[in-house]
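Step one of this worksheet: look at the structure below.
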Amino acid sequence: MSGKSIKIRYFAWLRERIGKAEETITLPQGVATAAQLISWLSATDEGYAYAFEEPDTIRIALDQEHAEADAALADISEVAFFPPMTGG
Amino acid sequence: MSGKSIKIRYFAWLRERIGKAEETITLPQGVATAAQLISWLSATDEGYAYAFEEPDTIRIALDQEHAEADAALADISEVAFFPPMTGG
Amino acid sequence: MSQATVTLRVQEQDFDQAVELASLTAGKTNVGAAVAFVGYCRDEEGTLNCLELEHFPGMAEKQIGTLCKKASARWPLSGLTVIHRHGKIKPGEQIVLVIATSRHRRAAFEAADFLMDYLKTSAPFWKKEHKKDGSNPSWVVAKAQDDQDTLRWEK
Amino acid sequence: MSQATVTLRVQEQDFDQAVELASLTAGKTNVGAAVAFVGYCRDEEGTLNCLELEHFPGMAEKQIGTLCKKASARWPLSGLTVIHRHGKIKPGEQIVLVIATSRHRRAAFEAADFLMDYLKTSAPFWKKEHKKDGSNPSWVVAKAQDDQDTLRWEK
């Protein structure tokens, strides 16, 4: 059974550390939440590990809505990771 | 011994009820505070009595500074009486 | 902390909010936030001909000046502009302008809010309503809520 | 209560505060109060070349739209305008505009204040500082105070 495809977007210094603005991956088995996706990405590469080194500071949006790290990815087509916002 | 001269100004509906914007009077003996001046004026004429019929609603300025009814008139050259303010 | 630039006018003629805002901000790189308040003459029922604002010349400027000093002492402001009109004002026209500028937004918001609360309750202005139907003009009654609002700052 | 007119734009180009204010107030006799907030690019030390604002297109508009709906539901507003710029912004230039109009001043002040607090903490924008000396640009760090400020509205 093949996993579902999901788009990931990175902003600000996460984008810089990871070296790309977006990518589409196939969700591996056992990755059901945003937190699990962060752990899985961090294990793949030093750039990701550096970007996600302090997971508590990372903000998450699922389909463009703010979400907590334990939110499920089941019905989500786009995940975004970014630092705390500094607009306004 | 003649009393001191003091200017009195009236604004808004106090001015209308009393029928004048200002007047200068000689402070009668025994009138030492704004409240005593209100009582004394109210006794002189129906227009004043009508204007001051609810003394608690009257605001007072002594030399253009807000003041309480028991404030002394001794060093004051101008007293103003007016309703609660409605600017802004 | 540098002193706030204070502009204060009590006048019959209208004002240009954009010109006043620009004069507090143009070419400045130490201003991070501007809060501008404009108060207008309302007429929801369509029955008002105009408001007539009576004021106590001299004391009005003096009281507003005192309020500006209090605001400048309480918040780190770079500029403060207060313009209050008197005379006859038609529905939809501007009555009062307060602009506060600061490095940070909270100071600008609070100072403008503070000034409006106290302008309402301590600046000597009185509004009279002239109706279109020619009935006797009537004085606007002060709202207890306005006094309540000032209590927020007395802590 | 009539629905508030909401204008929302995320754009690279500058905005004209006076035009936006006029479009919410001109010819209206049900507006008693307008509060306009403008946020500027500061540079007190004179070392900044520009701020670069990155944003999340789509989500930015969506989040600001949600904030406008929340403000309209919470206060009796007649109009609400939010414009947030992205891209490179020089010291002294405008970054963000919020205007709230209402019958009464308290609603206009609170809605504008609320929107600015939440724009800071929930609209997906990130500021990067480019210095004049050509050193590596650095990301502005979010302030804990901004999160604190939003707690004021959670009661």
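Just so it is clear, A, B, C and D label the chains in written order, and each chain counts residues from 1 on its own.
Following the convention adopted for this analysis, contacts are C-beta pairs under 8 Å (C-beta built on N, C-alpha and C of every residue); 3 or more make two chains touch, one makes a residue touch a chain.
Keep in mind that this is a model prediction, so the values were computed, not measured.
Undergrad: Just to be sure I understand: going only through chains that touch, what's the smallest number of steps from chain A to chain C?
TA: Step count on the best path from chain A to chain C: 2.
Undergrad: Please compute the C-alpha centroid of chain A, do the same for chain B, then give the distance between them in whole Å.
TA: 73
Undergrad: Using CA atom averages as chain centres, what separation in Å is found between chain B and chain D?
TA: Centre-to-centre distance between chain B and chain D: 49 Å.
Undergrad: How many angstrom lie between the CA centroids of chain C and chain D, rounded to a whole number?
TA: Whole-Å distance between the two chain centres: 23.
Undergrad: Rounded to the nearest whole Å, what is the centre-to-centre distance of chain B and chain C, using the mean of the C-alpha atoms as each centre?
TA: 27
Undergrad: Can you list every residue of chain A that touches 2 or more other chains, as numbers and ranges?
TA: Correct list: 88.
Undergrad: Which residues does chain D have that touch at least 2 chains other than itself?
TA: If we look for residues of chain D contacting two or more partner chains, we find 39, 105, 116.
Undergrad: Touching pairs of chains, all of them, please.
TA: A-D, B-C, C-D
Undergrad: In the complex of these two chains, what residues of chain C are touching chain B?
TA: 39, 53-56, 58-59, 62-63, 84, 95-96, 116, 119-128, 139-142, 146
Undergrad: Mind pulling up the chain C residues that touch chain D in the complex?
TA: 17-18, 21, 25-44, 46, 91-92, 103, 105-106, 108-109, 112-113, 116, 149
Undergrad: Mind listing the chain A positions that touch chain D in their complex?
TA: Those in contact with chain D are residues 9, 11-13, 61, 64-66, 80, 82-88.
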